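I have a structure I would like to understand better, so I am pasting it below and will then ask my questions one at a time.
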Amino acid sequence: MSNRVRISSLFAFMAILLVTVGVVQSPSLALAILNLCLISAIMALGINIQWGYAGLLNVGIMGFAALGGVAAVLVSKEPVAETIALGAPGLLAALLVAAVTIALIVWVYKSMKGRLRSVLVTLIVVAGFFTARHFFDPAVEAIESTDSAATGYLGGLGLPIIFSWLVGGLFAGGAAWLIGKVSLGLRSDYLAIATLGISEIIIAVLKNEDWLTRGVKNVTGLPRPYPVPYEVEIQQSPAFQSWATYFGMDVVELSSIVVKLAYSGLFAVVLLIILLLCESALRSPWGRMMRAIRDNETAAEAMGKDVKGRHLQVFILGSAVVGIAGAMLTTLDGQFTPGTYNPLRFTFLIWAMVIIGGSGNNWGAVLGGFLVWFFWVEAEPVGLWFIDLVTSGMDETNPLRLHLLSSAAYMRLMAMGIIMLLVLRFAPKGLIPESRR
Amino acid sequence: MEILNALALLSNYLVIPALAYGSQLALGALGVTLIYGILRFSNFAHGEMMAFGTMAVILVTWFLQAQGISLGFLPTELLALPIGILAAVLLALGTDRIVYRFHRGKKSQPVIFLIASLAVMFFYSGLTRFIIGTADQSMGDGARFIFTAREFKEWSGLDEGIALRTTQGITVAVTLICVAALFWFLNRTRAGKSMRAYSDNEDLALLSGVNPERVVLIAWILAAALATIAGTMYGLDKTFKPFIYLQLLLPIFAAAIVGGLGSPIGAVAGGFVIAFSEITVTFAYKRVLTYIMPGDNVPDGLVQLLSTEYKFAVSFVILVVVLLVRPTGIFKGQSV
Amino acid sequence: MSFLLGKDMTGGYGAADILHACTIGVERGEIAVVVGPNGAGKSTAMKAVFGMLDLRAGQVTMDGEDITSLSPQARVQKGMGFVPQTNNVFRSMSVEENLEMGAFIRTDDPSDTMAQVFDLFPILKQKRNQPAGELSGGQRQQVAVGRALMTQPKVLMLDEPTAGVSPIVMDELFDRIIEIARSGIAILMVEQNAKQALNIADKGYVLAQGANLYTDTGEALLNDPDVRKAFLGG
């Protein structure tokens, strides 16, 4: 079966699955799944750029996605004038001190040697840290104590939220640059561990720096991007109500479908743009070089290719795509909740998508994103049904039955692990293998 | 006297907790480093292996307690530990048989092993949560303290007390025993030497007649046993919650890399380096300063370098510095 | 027929053959040296004899027994010792532990053999507790040879034992190798330093492009004007 036929039939299968859910469960649920499938697919594309094109292992997807989420808050929320007046000067001073400190460290590190250098660097770090804290702490205190139930943070720029998708990409790309600088060029394990670390730290910062994102108090009520409407508004429009009667549907149900469809349209456009860019990049000389480096690093290096530089490039690009998807996700949710970022859901599930879909093939990554997310969502009711069936012979109050029913949700973790292992073993190239060009 | 009070305060809140936490990290990092030395990949499933072993220990403890069996002064978990270890070893060997052996035979790249370990991690985490759920399970019965703060105050006449919890004492003692036993095994026995040889130079070890499958088998047994012990000690000291073990992965990896991946002595040193740095940096020094600052010059605030939520940042920063300055770690591991 | 003989060996790592009906062999108590230009297949021939290469044709016999299908490990059991060219010691392990690992497959007490190795290389006895990775290049080669001797082999195979060591150390090492041969062990050796090696060789093989070019005693090869001109620099 040629790859093209394979791709079309697998995507057709996917479409059938979604339509089935729409008919059996509800169209609104099918669209909700579809929207997250689209976002997952974009994240999987980002990881596929890193892993499939260059063999780089990113285990910090959660952090990059969360950076996208921050961008959504910082771009779209209205600025809080009061807290800015109180805290901005202190924060700026702290930022300046931090910048000067880093510049000094770099300068000392490059221009000196030996013991003197270590002592000086330590001194600068300590002095810089305390000076920055001197400005930072009171400013944060002032911001966070201002109307902390409603704001207690700086707010954002008050721009349309759609810009945050780009900004999210920039944030994630910046973090990737930092990590890549440190750990690229070393063993591949080190990059994996370093990304794991940075993602934990990003989440810790977002949970605790209330002045920035209100921490675990969450930021709710993010505006929607144009042209997604609000349910309440369209429900009141007479034209919409006549449509509802025409389709014979409930107004509330139809409004929810319309809103989700609008999101789907937006997300699909982004996915297609990124997919198109990825595909053309893969076909370009740049893509050829990337694959050459991946397949034989030593040879590529001997031919004068800047392996580390290319890796850094690809790592930043991939992480930026994840950041974009992260911002889209927060936009869809309409709120930013740092407490919900969980590595199993955000990092490892995306890996399952890439591995199962087919690493190195963009269509494979997209398919993996769809299929795995669909499975992830639908495994819960199916697992519950399965356990219910198995234990149906038992008494209603049997403790084992009750325990199994309450634990059914975790079966999907096991199932996902097993599926990944099966793919690694029996179809290491995934459902849609990389096509040789 | 004031200095002594300050020291007592530091011991109570910094040194003793760091010793216990460092021991737990050292045991965890030893498992990671052993697997790295023999199978040559970073095992991301190690944290979940700890959770699984600890869960097995908890289940056996519940059973023992239901039978009315206890260890008196010591927590019953110690009695359940061997069975928990057995369960974890069986799981590890089963995993190796089904998953990793295939990739060894195919001579897959280390990175494929790493990804396989991600999948294994998924499976383990589901397994543990399926059996015991995600809720907190408090562990440890028996006496709470070896000596309490009040007893110490009466004995020493100081204002500040030092308390030594039973679990902290046990953690340090068990770690000492495990590390001593492990180093005896690696340095003195035939099987241990063959493991070191295999880790050092695989081809030459094969040439010398070392059986690779046997070495791998021993490595998994040791790693699973160490993981269970580390997890149980952590659970006794703090609490058991599956999610925590996922988060412990970062400091454990940091410890193994700081010490030098593949170097057992490095893993132990790395564990304590990470633990002491984490606690030193996130410790609030205010009360210590009230003792040693002359007069009433007590600073405002907690005098804390970083809030405790950022303890992971500490291991990460140490990790980054080591990667920048000395990628092979303190005790040269195999690397790059 | 020689005690150890690789006869008409043909084969390589991939599709293309490196060896073409190449024959090398050695008697007990003798030193055989394989020389030739870079890429002549010297090391490959050695690996073929040791079983690290699948042969398409030809056979390897030891003491009259066909061992062509045996794995390298099994050949060690049969009495072959092999010293690879690089990475031939356990760097993180002490000298003594290196020797112990050499005796890993033995079931009897190897301490006598270790004493013999220490007699042969006294410096190793001095540094027995030092990690092998901290020794000088020449000392490390001694550890490598000592490790291979720990199985009490009947044949010792050395892949460029003097690569990267100084001329003085090389002479010293050759003296030791002669001493080992005198004790009745067959020695098969690949060497870059052709002249010096042929000097101590009972038998010499000159290979080119994976085939035998000249085969004679070491002395005869040294005196052969063609060999001198082509391979020994005049």
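Labels for the chains are A, B and C, by order of writing; each one numbers its residues from 1.
Here is the rule we use: a residue touches a chain if its C-beta (ideal position, glycine included) is under 8 Å from a C-beta of that chain, and two chains touch if they have at least 3 such contacts.
The model shown is predicted, which means the values in this text are computed figures rather than measured ones.
If the chains shown are joined wherever they touch, the resulting network is a simple chain of contacts running from one end to the other without closing. With centres computed from CA atoms alone, B is the chain lying nearest the middle of all the protein shown.
With respect to chain C, maximal separation of chain centres occurs for A (centres as means of Cα atoms). If each chain is reduced to the centroid of its CA atoms, chain A and chain B end up 30 Å from each other. With centres set at the average Cα position, the gap from chain B to chain C is 46 Å. Rounded to whole angstrom units, the spacing between the C-alpha centres of chain A and chain C is 58.
In chain C, there is no position where the chain touches two or more neighbouring chains simultaneously.
Residues 72-73, 76-77, 82, 84, 87-93, 97, 100-102, 104-105, 147 of chain C are the ones that touch chain B when the two sit in their complex. Residues of chain B that touch chain A in their complex: 41-42, 44, 98-99, 102-103, 110-112, 114-116, 118-127, 129-131, 133, 246-247, 249-250, 253-254, 257, 261, 301, 305, 307, 309-310, 312-313, 315-316, 319-320, 323-324, 327, 335-336. Chain A makes touch with chain B in their complex at residues 55, 57, 59, 129, 137, 182-183, 186-190, 192-194, 196-198, 200-201, 204-205, 207-208, 343-344, 348, 351-352, 355, 406-407, 410-418, 420-421, 424-425, 428.
Taken together, the chain B residues at the contact with chain C in this complex read 190, 193-194, 196-197, 200-201, 203-210.
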